[in-house]
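Everything on this sheet refers to the single structure shown next.
Letters A, B, C and D mark the chains in the order given here, with residues in each chain numbered from 1 onward.
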Amino acid sequence: MNQVQKNLLIKEVLHMGEMASGAALTVPVYRLKGQGSGPGVYIQANMHGAEVQGNAVIYQLLELLQGLTLLGNITLVPYANPVGCNHKNGEYTLGRFDPITGVNWNRMYHFNEQQIPEFSEQHQASSIEVIEQAFRELLLADIADKLDHNVFGLTTGQRIAYQLQKMAHKADLVLDLHTGPISSKHLYCPEYAIDSARYFDIPHTIVIPNSFDGAMDEATFCPWWTLQQAFGELGRELDFNKESFTVELGSQEQIDLDVAYQDALSILSYLQYKGVIADASFQPQAMTRYACYLKDYKAFYSPMGGMVDYLATFGEPLAAGEPIARILRMDNYGDGDALHYLSLDRPVIPILHFASASVNQGTELYKVFCEYFEL
Amino acid sequence: MNQVQKNLLIKEVLHMGEMASGAALTVPVYRLKGQGSGPGVYIQANMHGAEVQGNAVIYQLLELLQGLTLLGNITLVPYANPVGCNHKNGEYTLGRFDPITGVNWNRMYHFNEQQIPEFSEQHQASSIEVIEQAFRELLLADIADKLDHNVFGLTTGQRIAYQLQKMAHKADLVLDLHTGPISSKHLYCPEYAIDSARYFDIPHTIVIPNSFDGAMDEATFCPWWTLQQAFGELGRELDFNKESFTVELGSQEQIDLDVAYQDALSILSYLQYKGVIADASFQPQAMTRYACYLKDYKAFYSPMGGMVDYLATFGEPLAAGEPIARILRMDNYGDGDALHYLSLDRPVIPILHFASASVNQGTELYKVFCEYFEL
Amino acid sequence: MNQVQKNLLIKEVLHMGEMASGAALTVPVYRLKGQGSGPGVYIQANMHGAEVQGNAVIYQLLELLQGLTLLGNITLVPYANPVGCNHKNGEYTLGRFDPITGVNWNRMYHFNEQQIPEFSEQHQASSIEVIEQAFRELLLADIADKLDHNVFGLTTGQRIAYQLQKMAHKADLVLDLHTGPISSKHLYCPEYAIDSARYFDIPHTIVIPNSFDGAMDEATFCPWWTLQQAFGELGRELDFNKESFTVELGSQEQIDLDVAYQDALSILSYLQYKGVIADASFQPQAMTRYACYLKDYKAFYSPMGGMVDYLATFGEPLAAGEPIARILRMDNYGDGDALHYLSLDRPVIPILHFASASVNQGTELYKVFCEYFEL
Amino acid sequence: MNQVQKNLLIKEVLHMGEMASGAALTVPVYRLKGQGSGPGVYIQANMHGAEVQGNAVIYQLLELLQGLTLLGNITLVPYANPVGCNHKNGEYTLGRFDPITGVNWNRMYHFNEQQIPEFSEQHQASSIEVIEQAFRELLLADIADKLDHNVFGLTTGQRIAYQLQKMAHKADLVLDLHTGPISSKHLYCPEYAIDSARYFDIPHTIVIPNSFDGAMDEATFCPWWTLQQAFGELGRELDFNKESFTVELGSQEQIDLDVAYQDALSILSYLQYKGVIADASFQPQAMTRYACYLKDYKAFYSPMGGMVDYLATFGEPLAAGEPIARILRMDNYGDGDALHYLSLDRPVIPILHFASASVNQGTELYKVFCEYFEL
């Protein structure tokens, strides 16, 4: 690639937190400017500390994007949560939740649904451009207010989440790069954007409703979906063309730059489809894609403590009654059952399993698709 | 005390969980039978792992109660959550939430509000005795259903919470013994039961609304309060005389049997007031009691990382602008401010503070009463 | 296999510790009686909490051994350290060291070298049978003394280690089943027993000297080796035929019963070679076996913090200068080196690597054989 | 104090480590220049993460020292170990050992005893000034070599320890500020420097031998003590006037700037005695000072799991048989002993106890002076 053709990369560093010694935790932000004709994109990675592979995907995206024709602006944020990312405990990284409060780092984003009825009535007659700009400003003002006006302060996670959300609200398309514990690739996709799911090289999609539970994807698509519905009730059918996905890249605690390159291609296929990049050579791979609704994405909890031999293969339909795992209980050897085979009473597709063989009674063993269908 | 006069103590052991080695975690349950003329009582301790002092209070209660005249039945459960109680991490006990999921152990109880409208309509003409019995059966059936019919299993915390709740629903008065991190004594009290707060030797009361957030106290009083309101809307004013309190005994990670004896007397004062024990010599101490509403019980988050010298005295009103803490930042010595004084913009009563001097930006430093009033 | 032919399995349960709630932690001990003509064997697993696969190997050994002709007695102890085995922290198991003191669970065994000169002089003229029996009694008395006479008590780990050691000293051959973090199979073998290493289906052997550092293998072979040397200095060449190995089965946090079956066959091959079992069909697999001396088994520490893409393949010689890993540093992207390739200045065989991609500066990245040779 | 009179304070920042996100961990170093007639001093704090009070003492020392007449140079290093200091786990700080390896942060310093015989022979006829300078250079060269020439890298803790040791070796007097868990003030003092212990306002002194175990105090006094002995064997009695102390300031997890001011005065009393500062007004407080030898400083381990009510008062002699603690075992209530009183078989002075009431069997409950004597 010719150095001259490279798109200009702008780097900023955000202050995200301070530790006990006063050490600052910062986050690098990379911006690529597009020609203005395509939607804006926001991509972040590593909100959960152990889910590091997204950083490698952002590396590969940056390498690739600098040589492509960009129609929209793209912002990329690796190490989005440096508190979680640096929270080693023993050999592993314990960054799914604030270690002091237990609150999931990806449940601290903000959405104030109450503002919408008033807003939609106020803009009943506005053009979609005016509505879009005004609503975006409302979302941004709301976040600015949370960041700036807080007599009693912000939690560690709110300070991080709100700063990230401020950047994400400026984009039209949002990708939050996560991983499972030990996991196949899967995608959380808002119901209305299901067509887009086919453009990722990801075989499993969880279809989620318009229900805000604090996550980044929800915090960026729920406002627009809710607004669209509010206008729908007022008789106007609007499409703001906003999409947000949580992209689960595979297993945690792993960096693989070669796999990351494939994942970058998958994201470029989606961005090409949405008109962010001009190069038609980025196309999705042919594959069987399964989906299920969020309500049918079930966690299966261990009926006993023990040591688990995980048997089921990710992504392959498993018939009712087929063993999904077997649990070793050597304390029972000789005078009880030392091996317990576990199965479910319905057909499922196993998507991910727990990161360790050692489980307590009640530990989440597997997450599975029930009532799945081809996409 | 004469051995002959001792009330009969019945002990059971409940299976609460299993660890990876198969080791069973059990909970001892102590029951004292009353004469049947007073309300039933359920007292548990140590739902959060580090909050151990309640076990010592149950010890002292058991010692005292065996020699008293009991009008109602009393069930006492120390070590209510053996998973949390045994979750040492380094020197300390990390038992505020499930270490795998981050979910607070005291947010996993169950209340199905949807059942109430149908129930109240159905029992519009029933006697209060019939209503009470039928509703208690409904609550118990609901919990039994959660425990028994779960294809995908229960989480570690649900299994514990539901078993405890099954016992608590059989009682009329519920005391859940907790502690703060480093803390004064305080009480969470439902709004309608505020008169009872004066019978505990506890100077600070947080008045809580009828809003279920998963805690034991809420799980046991919200159903009855909601039922009462439902009947109110149907024109019947009923009082089921159910009360639940979360009793915060002081600081975590400490056992003090002498202080526990005082706390046991405080609980006996309340039980005497409610007619559970017959001995009128158990009376509350004279003290100034402050209260505030839950919405005015505020957490103050650290505006910076650093090392905290906690200055404010628990329980004493602190004027607006008075220093509540100072934060040492030696990294700034010589070329910045090494000492930062923190204060609030309104009068407060500090109730508890964080357990460690070392804080990140955004760590909860203090919890304080705002808009407090004398009880 | 015919039920009638099964060897008698005797099970005992040892009390190994108590947790804060009083819950007892126990260890199951399985004993199979041999015909008395072969050496005695002691096999334990899971001394380190996350290293669980040895339990599955013991399961498969128990299944197989019950149907074989046993010449010597065999004792098998899964879950040898229930404190470590149950020490979950977040999703993972943190059981390499006592979480309060930091002391490695496998560095708390006992060996009192000072006793040996006196003993050997005393038994200068004794028969080897007398020496062996007297010395075994000395070792056992020494451990009994540590367990029983301790005014100030024992640490959690000493209580466990000494109880295990008491059983191990009664055997002639000791296998301590461990795993690496993410690892190939490898074997720690005392220098004098190197011929035996060829009977395990394990391609990498670390040859260790007669130097006691607190581990189970050392605690059981160093005394006999030292005794042999002491007699050597007195002019008597004795061979007590004692061997101890630390068997590293692969990666931690995993149970795989099928792989465990293969590992059980590998152990049976060794036991057949040593005359513990009579069935000559258990033979080692043909494979290239590499070895290096303990002093040449090197840990390679990360020169920087970052996220690691581990590149080197376990077990394959890696030339000097070839990349062993690359470290991603997204904070440097755009204005520094985002990818750092690491290599070593000499040929090595990578044996294991760290369990997580996220490392601090100074984290152990790899352990490698230097100066390796074919066995 | 007049601004003009203030001694010049020079600040440097050392790079001590990097985390997974690439964030640098740095340490501030403060230097005050003396008139050259007194010994040089090195003071560090917070090598163990939870032991933060020393930072406050350094704050107060800096405030005081800037206005005093300094005869020797003084170097002060707060937050000496930023990895440990920032290693929060839950509410607490887990910084006594490297969380990955378990190695105590204060056991990674370096001392190569083997060099000394050759050195002393070589300098048999040198003047004490030449010996002192040459030996200091040898120590510094040795550390520089450890820092710079390491093909396989350094562990996280070695990199920190060696950088600190490089500064400490340049001084004559070394103070390493620590704390116990919950603890009285005490002092580790080399046997030959016992007279100096009386100049600290610290009532308990542990007298330590010339035995290197990896700690900062040992790493700085053992070389000189060993050198002095080597010259003694050669017939020269030399006194290099080097002293090192580990100063245990009280309990961990606490910052108290007022107490820190008192501790600063105690250190100034010692520095005045040693001729580092000229102001004779800094004098030790009158108090009974107890001491014992390190071999008589005993840890007492819990004979059972349970919840501990610590009874003994720090610093007060406790007679043999008097209760030191009682352990609550509610699981035994009703059918066993719910309260166990613990005592020792000899008179002791309790110095510190464990940080939590919840203990496993084998947890260190207390550390006590045995065979104590007045200083």
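One rule holds in what follows: a contact is a pair of C-beta atoms (placed from the backbone, for glycine too) under 8 Å apart; a residue touches a chain by one contact, two chains touch by 3 or more.
No experiment lies behind these values; they were computed from the predicted model shown.
*Asks:* Among the remaining chains, which ones contact both chain A and chain D?
*Replies:* Both-contact set = B, C.
*Asks:* When C-D is set beside B-C, which has more C-beta pairs in contact?
*Replies:* Comparing C-D with B-C, the pair joined by more C-beta contacts is C-D.
*Asks:* Please flag the chain sitting at the greatest distance from chain D, going by CA centroids.
*Replies:* Most remote chain from chain D, centroid-wise, comes out as A.
*Asks:* Between chain C and chain D, what is the gap in Å from one C-alpha centre to the other?
*Replies:* 36
*Asks:* When the centre of a chain is set as the mean of its C-alpha atoms, what distance in Å lies between chain B and chain D?
*Replies:* Here chain B and chain D have centroids separated by 42 Å.
*Asks:* Distance from the CA centroid of chain B to that of chain C, rounded to the nearest Å?
*Replies:* 47
*Asks:* Going through chain C residue by residue, note those that touch at least 2 other chains and give them in order.
*Replies:* Expected reply: 19-23, 26, 52, 79, 85, 88-91, 93, 96, 100, 307, 330-331, 358, 360.
*Asks:* What pattern do the touching chains form: line, ring, star, complete or other?
*Replies:* Topology of the interface graph: complete, with all chain pairs in contact.
*Asks:* With touch defined as at the start, can you tell me which chain D residues reach chain B in the complex?
*Replies:* The touching residues are 9, 11, 26, 28, 30, 49-50, 52, 55-56, 58-59, 62, 78-79, 85, 88-94, 96, 181, 253-257, 307-309, 326, 328, 330-331, 333-335, 338-339, 354-358, 360.
*Asks:* So in the complex, the part of chain C that touches chain B is made up of which residues?
*Replies:* These residues of chain C touch chain B: 19-26, 52, 79, 82, 85-91, 93, 99-100.
*Asks:* Across the complex, what residues on chain A touch chain B?
*Replies:* These residues of chain A touch chain B: 17-23, 83, 96-98, 100-104, 151-159, 298-307, 329-332, 344-346, 358-364.
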